[in-house]
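Presented below are the structures under discussion, each in the form of structure tokens.
The same chain A turns up in both complexes below, where it pairs with chain B and then with chain C.
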Partner chain A sequence: MSSKPRIATCSLAGCFGCHMSILDIDERILQLIELVDFDKSPIDDLKHFTGRCAIGLVEGGCCNEENVHVLQEFRRHCDILVSVGECAICGGIPAMRNNIPLKECMDEAYRNGPTVYNPSGVLPNDTALPLVLDRVYPCHEVVKIDYHIQGCPPPADAIWQTLVALLNNRPVELPYEVLKYD
Partner chain B sequence: MSETIGFTIDGRPVRARPGQTILEAADAAGIYIPRLCAHRELHPFGACRVCTVKVNGRPQAACTMPAAEGMVVESNTPELTEHRRRLIEMLFVEGNHYCMFCEKSGNCELQALAYRFGITAPRYPYLFPNRDVDASHPDVLLDRNRCVLCARCVRASQQLDGKNVFQFVGRGANKTLWVNAERELADTNLDVRDRAVDVCPVGCILRKRQGYTIPIGRRRYDHEPIGSDIERAGAARGA
Partner chain C sequence: MTDIGHAVRQICAVYHNDASRLMDIIEAVQSRYGCVSSEAMNLIAQALGIPRVEVHSTVSFYSFLSNRPKGRVIIRLCSDPIDEMFGMLPVANTFEETLGVHVGETTADGAITLEWTPCIGMSDQAPAALINDVVVTYLSTDKAREIVAELRRSGDPRKLVHRLGDGHNAHPLVRAMVHNNIRRKGPVVLADLPPGAALRKALAMSPIEVIRDIKTSRLRGRGGAGFPTGMKWEFTRQAEGARKFVICNADEGEPGTFKDRVILTEYADLMFEGMTIAGYAIGAKEGILYLRGEYAYLRPLLEHILQVRRDAGLLGRDICGKRGFEFDIRIQLGAGAYVCGEETSLLSSCEGRRGDPKNRPPFPAQKGYLGCPTSVNNVETFCCVARILDRGPGWFAEIGSKGSPGTKLFSVSGDCAAPGVYEYPFGITLAELLRDVGAEDVQAVQVGGPSGQLVGPDSFGRRLEYDDLATGGSIMIFNSSRDLVHIVRKFLEFFADESCGYCTPCRVGNVLLLRKIEEILHDRGSPDDLHYLEELSATVKFASRCGLGQTSPNTVLSLLRNFPEVLKRRLKPPAGEFLATFDIRAALADTERLVGRSSVMYAP
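For the complex of A and B:
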């Protein structure tokens, strides 16, 4: 196993836009794989951690119990855990359901929605399905998060500059134009 | 009354006309004191406390406090900056501020203050309050999810438009922006050209059918922090 620091990434209740933004660092991705190895991540499709990771990048907030388990697993395996994007930081678009009772959300999605065909009126209830949480939680309200990269999605430069700073033990100081909430 | 008042802000000598507030004198001197509820055209209100400075060691809202001879004002100190950051963070968690789809994003003063202070995430838990949206008016949208209770619209309607369209109801955590009508915004005499519509610092009061007209990269706070205009004018005068 190489001695390069390892990076893990995951997408919880997100849209994979933040992962697209990671890829948007363009040819710098060649530099990145010189600097690091990827561990558990959709980028290399590793499903399980193979060792201790220096940095974990988390996209998306927690909307079900599986999200919480994955997030806790990331916290256990990563020295530095980074929330990437609005959903991880504030719940984002999925958190718009936080003002609506869960029962109403489920009924709208599986019983009463205009395009729903569900004559028996059964809500999805298979044991293989993760239970939906009462509301969507930002990652830092579930585990300790060390850094936050803002944006929807964060600019590739914000992700790149944060990674380079963290890998070189420098403080993360993003220029004004790179800190954006949209 | 041609006498001017001399005082200092962070050790820099500043002159003020009698009756000017600390904030107005600072603006004229090219010193930016962060603020949210204060607006050049409106009477000071002191709602947000973002402009809090220390006057002779005592916290005061710079927008309401008149300048006085010999005052020692502290503004850009680590303590006050931390205080302002926390106020901004509290405003973010106590409303529903979804910047990613808000029409005001990039031109929003609350967001711009967060950018200026380099806030990457609030340190308080999100409250996700239930707030009403009033889309009844044909030309104006009122989205209370984004309201920061700055009272700019309340004041502008009274002081600039000669109307009384907006008011607050409730107290404390239940304080809410309401309209002065039987039911909703459409029942008021608000006109889309009213100044009350323009002065909203956030995306709470918006003109309909105007969204996202300015592309990303050309919006007000895309490249320069809020307050840069005041600081630049000061630097140009050699202040």
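For the complex of A and C:
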């Protein structure tokens, strides 16, 4: 194992848009590879942590118990945990269900929806399927989150600047242009 | 033409279809129909020629106004911590049981509504409630049952008053069971002055000389901010505008404050005299007394005193024979909104709109009520003004301390032998005050109300004055049996409710502060929360638009600074990765029930 700092990333209840934005740093990804090694991440498809990580980037909020479990693993293995994007920070689109009672959501999805065929009316309950939570939780309501990078998705520059600052132990410089969305 | 249409048109006509009198119009409609219905709002908008949304916006802003019918009698229980300390919760439970409704609901027959309301200015005779306009004090569970029985029998809250209070509380126009509880009189405010004595001395001088006297006296505003009164008047006098206004801020909403109630009851003449002098000094012909809705029971008395002053030539044209000097005062009744004590919100409210604060500059002295130069001063400030003109600025400046001349009224409540109103020269120490009011075993004192500071015994040697422990008058005393975190929670609940919602730092920030304090109160706090509270408080203070949000985090900050051990006792680092506030079992319970199996990953 090299002595470079390790980075892990994951997408919980998100759309992978934030990961696309990570890739959107373009040719700087070559610089990134010089700076760090990737641990558990969809980018290298490592399924389990192989060691201690300096930084964990979390996309998406927690809508089911598996999300919670992954987030818990990230907190356990990462020194610094960063919520990346709207869903991790506020729950995002998945959290739109938070104002609808859980049973109504389930009924609409698995029993009464116009395209549903489910004569026995059973709700998915195979043990291989993670159970959904009562509502979608932003990551910082589940574990301690050290930093938040906002945006849907956050621009590649914001992610890049944050990583470089954290890796070099410098204050992050995020000019207004990088964080304005109108 | 429908009946209500005719009535609303008539009410609007009384106020000359003037949209800036919308508050009075709405209050009149509500007192006639019990609420301002959708139909009534349309009619008001038509009559005044304003968009309906403006009417709706005002109706929905004030807690005493409603667009839905409520009970013919509304019982408003005072929710501040002092009332709770003296037994409000069992009283509230008794009301709920005997009425058969929860707080916030109306009985099925539409007779009685039960509600919470923030401090009604009766902390010295807690627990207290407002029943329509009638104040009931020193409540107990037995009294709650008697009140419900009487209301069921007669439906008339006035019949609840058996024994009248002292002084003008027993006046035929007041007839309240309220007690003044004046415990210590001083030479400035709580002293007699024959009506007109100070005014005649003022009229013998030029307006500029009157302002010079007020400046020489170094009088500072008594509402809390302490701005030099003479300077405020000078700015207002110098501002361009043919029409100018004097406004008296009697929206005494800071929980634990009730000194203005006593002034309004017993020394209103002194206050009106001060307002008239202000009118002369700044060149205003019109004055407004903005009276908080909770003190509506004093309005008939105040109107009477105004009439007596008019009859005596102390208001109206050619006052005291001074040719050309014309001044009169009208009363604007508020409708239950703390933020209206903030002067720019108060101006919005006087103009008939929501009590939203305005941007400053321009300051009210330049552009205030209806865009005209306006001086807004506190009830007590006007009393000082009259006394200064009577006794001279030198006499006044010698009382009190160097930076804080004169005396101050303190509204003392909580754990002490003699709650009530005390007039002291500025500069007395908190310890002296605590001794005089008979407070023992004191854990903490909230100085200046929830927006002020919570201080402990190490601060009892500090002085009550602008430059040390500043206060608009509220002194709440908590002994060692009280839970300070709970008290701060109550204060934050109050601010979250009373935020006008205009700016995000205040609207959202106060709710976040409240939630965090509640987590700590439920033993789900972690050491990181101290930093969170500190940072969030700084943001809310820095970024809020008006005094409400700029001061609401003070209660949290002073708990952090002065009572760190009280907080730390309740904090523990989380055992695993999860935050103490996250409960995975609770988050899964509903789903487990719906799908009929338990979690494998997080087995119970």
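The definition used in the following text is that the second predicted complex is superposed on the first by the 178 of 182 C-alpha atoms of A that agree within 3 Å, B and C clash if a C-alpha of one lies under 4 Å from a C-alpha of the other, contacts with A are read in each partner's own complex, and residues count from 1 in each chain.
What we mean here is this: a residue touches a chain if its C-beta (ideal position, glycine included) is under 8 Å from a C-beta of that chain, and two chains touch if they have at least 3 such contacts.
Predicted model only: the values in this text are computed from it and were never measured.
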{"item": "Room on chain A for both chain B and chain C (clash or fit)", "value": "clash"}
{"item": "Which superposed partner A:Met96 touches (first chain B, second chain C, both, neither)", "value": "first"}
{"item": "Partner chain(s) touched by A:Leu123 [first = chain B, second = chain C, both, neither]", "value": "second"}
{"item": "Touched partner set for A:Val68, first chain B, second chain C, both or neither", "value": "second"}
{"item": "First (chain B), second (chain C), both or neither touched by A:Tyr147", "value": "first"}
{"item": "Chain B versus chain C as contact partner of A:Pro138, first or second or both or neither", "value": "first"}
{"item": "First, second, both or neither for A:Ser83, with chain B first and chain C second", "value": "first"}
{"item": "Contacts of A:Glu177 with chain B and chain C, given as first, second, both or neither", "value": "first"}
{"item": "From 110-118, 128-136, 164-172 or 200-208, the chain B stretch with C-alpha clashes against chain C", "value": "164-172"}
{"item": "Residues of chain A contacting chain B in one complex and chain C in the other", "value": "135, 141"}
{"item": "Residues of chain A touching chain C in the complex", "value": "65-66, 68-69, 72, 75-76, 102-103, 106, 123-125, 127, 130-135, 137, 141-144"}
{"item": "Chain B residues touching chain A - in the complex, by the definition given at the top", "value": "92, 96-102, 105-106, 111, 114-115, 118, 120-122, 125-126, 128-130, 216, 222-225"}
{"item": "Of all residues in chain C, those that touch chain A in their complex", "value": "528, 574, 576-579, 581-582, 584, 586-592, 594-597, 599-602"}
{"item": "Interface residues, chain A side, partner chain B - complex", "value": "83, 86, 89-93, 95-96, 98-99, 135, 138, 140-141, 145, 147-150, 152, 174, 176-177, 179-182"}
